[in-house]
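In the two complexes that follow, chain A is the common piece, with chain B as its partner first and chain C second.
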Partner chain A sequence: MRREPPQRLAHYGPLFFPAGMLTVFFVVPFATMIAVSFFQRQQGGFYTPAFVFDNYARFLSLFFGKVLGFSLFLAVAVAVACVVIGIPFTYLLSRSARKIQIVWLVALLSILSLSEVMIGFAWSTLFSRTAGITNLFVWLGLMAQAQALTPSFGAVMTAMTYQAFPYTVLVLYPALVRLDPTLTEAARTLGASPVKAFLTVVVPALRNTILATLIMVFIFALGSYLLPQLLGRPQHWTLSVLITDQAIYQSNMPFAAAMAVFLVLVSLALVGLALYAGQQRQAK
Partner chain B sequence: MRDILNAKLGRRSVLGAGLAGASMLAMPSVLRAQDKSLKVGVYGGFFKDSFDKNIFPDFTKATGIAIESVAEPTGEAWLVQLEQAAKAGAAPADISMMSQVAMLKGQSTNLWAPLDLGKIPNSKNLIERFVNKYPDGKVAGIGAVSWYITLVTNTQVYKEAPTSWAALWDKANADKLGLLALVSNSFLLEVTAKTFMGGTKALDTEEGIVKALEKLSEVKPNVRLWYRDEAQFEQALKSGEIPMGQYYHDVTGLAASQGSPVRSTFPKEGGIQDSGCWALSRASKKTEEAHTFINYMCQPAIQATLSRKVGTSPTVKRDLLDLTAEEFASVSSDIDPIIPRYDLYQTKSDFLNQKWTEMIAG
Partner chain C sequence: MSGLNLSHVTKQFGTFTAVNDVSLSVPDGTFVCLLGPSGCGKTTLMRMIAGLDLPTGGSIELAGADITKVPTHKRDLGMVFQSLALFPHLTVGENIAYSLRIRGVAKDVQKKRIDELLAMIHLPGFADRSVAKLSGGQRQRVAIARALAISPKLFLLDEPLSALDAKLREAMQVELRQLQQRLGITTIVVTHDQREAMTMADTVVVMNGGEIRQAAPPVDIYRRPADSFVADFIGQTNLLPVVPDGAGRASVLGEVVEGIALPTGAAKGTLSVRPEDVQLTAPGHGAISGTVTFVRDLGGAIETFVEAGGTQVIAVCSPRNRPDVSVGQSVGIRLDPATSVVLAR
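Moving on, here comes the complex of A and B:
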């Protein structure tokens, strides 16, 4: 079948609906947010339309710089953790029997049905002193006394990795299933150990998929605001937590919008940088 | 603000209430008014349920005005919605229960229709401070209910009840406290000022505020959880995971009466008394009904019913009430309360918020 470029307006028809949805639910709200970020905050009231840079100026401080830095670090850490655990897991999964694959995939997909609230509360119970897993360790004789594992950075990381893990597997799975098994077989025949074959053949062959997964989990984790609140100390609060505070509790929409715009710009820049780096490497 | 009184109100239900509110904004005409009706906004969850069950039916019986209760989201989201709707000439609720800070913010845009005290004769029953006034003396709102935030402890971990807010600073309580996460709903600056600086007047100047924040930052090593979500702290308090903190007197009392090992103590410096006002949106066309409603709610008998059924502290004078000493003690205290410096959360809100966030997250 030959594909012809669209000739008449009607040929673009199928595009109208998605384009409309994108405009109504993304472009318009985002443009509104950018506009509001320049509005004048009325302390003790609401805001008035204006064009001022105060909101951005307030954000440019060491304190918010640190919060932004931590948010980015946390998102990167979650992305790396997901990929490091996800690749070997998905690789082994794609090599296992069909039945086992289905059971695992259904279990992973069911995690997606859990809300962030439920995940947060479940982990805070698991990490608690009174009802948490350390009680099990005490019972097994591994620990002398039950202790609380939350709030801590580890608790935030664990819950966020748990939440993002199904997406990681879902993105990696098709690529790994389609990966030609003869590649690893050739490596093995040439004397590579299974681990070496995995690291030198499978991982490089999946470079683009891995990059895509990292970016997806990074963006997903950057928006998290409930888990850091439920499981972390105040120094583990992400920029999203502070944005919520400003928007919901201080009714300071201009400042919240400015922070959100900044967050979006920084993450877009990082994603662009990652893609650029990926292309450069491929060009070599 | 206040995630009112309901332990089970999660973020989802708050969002739900927000959505409900938003969809009411979108189609106010769907709710065709009857001859005499009034839309009243109350905090969603336990509060709304209690009002629907214990208060509104009697009001309709007494006055013939049908009440349609609207679940308000918490935080200032409802204020923002009312404000946007009023600009468009709509009122998602005629009367809403609003926090004091929200009252002041609404005043700045004249969101609240001035109330005529002549039509609310029962307002003379109120304790003076529960009449919320515009700077020029017009009445913006009338006290609906008040509640206390007190020092709460798990009875299994603390055999003896603490007697002073100073317990929060006690080094023995390292990593044991749960405190509210926001400057504007924890009122811990006022607590610090009353406990260590001779009263909340010490917060008049920015130097005073900074000093109070410095003193308060000494509490940080003791704090395990800075909570926004009440359910999280309540559950941790009951299990003893976080055995001490600040929490709502009424909900703690309710939990204790249901057998949880918790207690609420009025410290010798006083509990923090916060309150909600009935306020009328300027876009409402139900001025007459609204005045009838507020007048009805200011009756001592109704305030007593609220204390007994909802667990709130009355806004009318103590001697007018038929509450027994025991009933009164379960919702209030004769110890002079700590009254939040609401004015600061309006005039200095950004300064306070910035310093506070730097203090706890820095």
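Moving on, here comes the complex of A and C:
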């Protein structure tokens, strides 16, 4: 189909509404936040308009550096875990009977209807000493005594992976369904075992989809602030937790804004880097 | 015994029998075409030979070893798929060398083999190209080269040429046959195109309803079909009823034809006569009488449609022997027992 470029201003009409929404609900608040991040904080919870770098300077400390580093590490770990579990799962799902696919997809979609609070408390119950899964292990004879698995890094990872998993599957599913099933059969006739065929054909053929999924889950996980608090120790708290703390409990809006801007910039830089690396490999 | 041997191979999907008790022996170095209409079980049979589907009964032997339950990747075969299934993320050279890479062959050996195979398929210097940028015929050749990279014991092709246009397909048929003869590799091709099967095969295996109806060299399949399905499926044919007359002699369309007898032990039969073997003469003198209903001049051949005893008989002549007939004219039909076959079913 041939598409004419828009000739008159009226042709851009359909774009006005989304552009307006984006401006009102994204550009304006974000711009406000950037502005506030340079404001001068007043003792007692207020701030006055100014242009100072104090807030950013305060952020450049070992403590906040560690928190930022942990936040990025956690987001990357969740993204990798989701993709590593999600690809074989979605691959098997896309090759199974239609009925089974529907049941699984409905179950996964229903996870999306759960709020982060519910997911957090459900997992903290499951990981508790009194009512948790370790009681089941004791009953099965796998463990001697029930124990608490939370708070811990593992609990945070598990709940966050659980929360992001449906998105992972939903992004991977169309690509895997569209993948020609004869590709793996061809690999098998050429001497690759099913696992090797999966690793040498399915995974590389889906490289771009996998990269997109990693980025999506990474950004999704970077914003998480409730699950680390519910299931982790203070050293497992993310930058988002500190931002909330500064904004709401310490009433230090300029500093919270500065941290948020910094987080956005760092994640944008990482995404850009990932895309650039992907393109480099594509070009090769 | 060497070569490929199928004995009593059966495949059921639920209650549906896709392949029913098929036994076939393919000697080393022969070219076999599995030919039949869609749904006849030919692709399922090939997938079982490749190990992509497991038979529900029977056994498959390759070079003397039972491979019925050997997984695909341990069968050392080469297969070309209908979709070609070239790996989109690999270059032409990497596609061809895939089976070598999987087997851990050294890089320089791989490179040498790629060059050899690219020369064989007349695409030298294509190693670093992306498969997405190839034409249909080139992709076809790359798929063939990839399947042959390890010099497999068995070369399987599932409807390999169906995606190509008619002219290229004819050229590739000849090329594929020449390649097979040069390499002397045992080859099995699945096709629904009888012309393709006749061009390439040493043995044509005609299948229908999950069973082998006839396995024979192309000329025999054409000249001596085993039953009316084969006669009708391969080329054009006239199937005429053969019934006994009052004296018990075989009669075709109301005339007793010298040299044609009923099949032994059968009350009636079917006579298969190729249109080019039907002779049109003047009516009477013991010829079957009929009326011309249509004449079709195709330039290279002239088809005359004759209605005789309620059955339509088609006669084909070359333009040099153009019959002097017109629609509505009464003509005689002569059948040569030497070129016609009486079939029991």
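Basically, the second predicted complex is superposed on the first by the 282 of 284 C-alpha atoms of A that agree within 3 Å, B and C clash if a C-alpha of one lies under 4 Å from a C-alpha of the other, contacts with A are read in each partner's own complex, and residues count from 1 in each chain.
FYI, a contact is a pair of C-beta atoms (placed from the backbone, for glycine too) under 8 Å apart; a residue touches a chain by one contact, two chains touch by 3 or more.
Only a predicted model underlies this, so the values are computations on that prediction, with no experimental measurement involved.
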Partner chain in contact with A:235 - chain B first, chain C second, else both or neither: first
Partner chain in contact with A:129 - chain B first, chain C second, else both or neither: first
Contacts of A:95 with chain B and chain C, given as first, second, both or neither: neither
Touched partner set for A:43, first chain B, second chain C, both or neither: first
Chain B or chain C, by number of chain A residues touched: B
Chain B versus chain C as contact partner of A:11, first or second or both or neither: neither
A:201 touches, of chain B and chain C: first, second, both or neither? second
Shared chain A contacts, counted only where both chain B and chain C touch the same residue: none
In the complex with chain B, residue positions of chain A that touch it: 41-46, 58, 63, 67, 115, 117, 121, 124, 128-131, 148, 151, 226, 229-230, 233-235, 237, 242, 245-246, 248-253
Touch list for chain B against partner chain A, complex: 1, 10-12, 75-77, 79-80, 83, 104-105, 108-109, 181-182, 184-185, 224-226, 228-229, 232, 236, 239-241, 345-350, 353-354, 357-358, 360-362
Contacting residues of chain C [partner chain A, same complex]: 50-52, 71-79, 81-83, 85, 87-90, 98-99, 102-103, 146-147, 149-150, 156
Chain C-facing residues of chain A, complex: 180, 182-183, 185-194, 196-197, 200-201, 204-205, 207
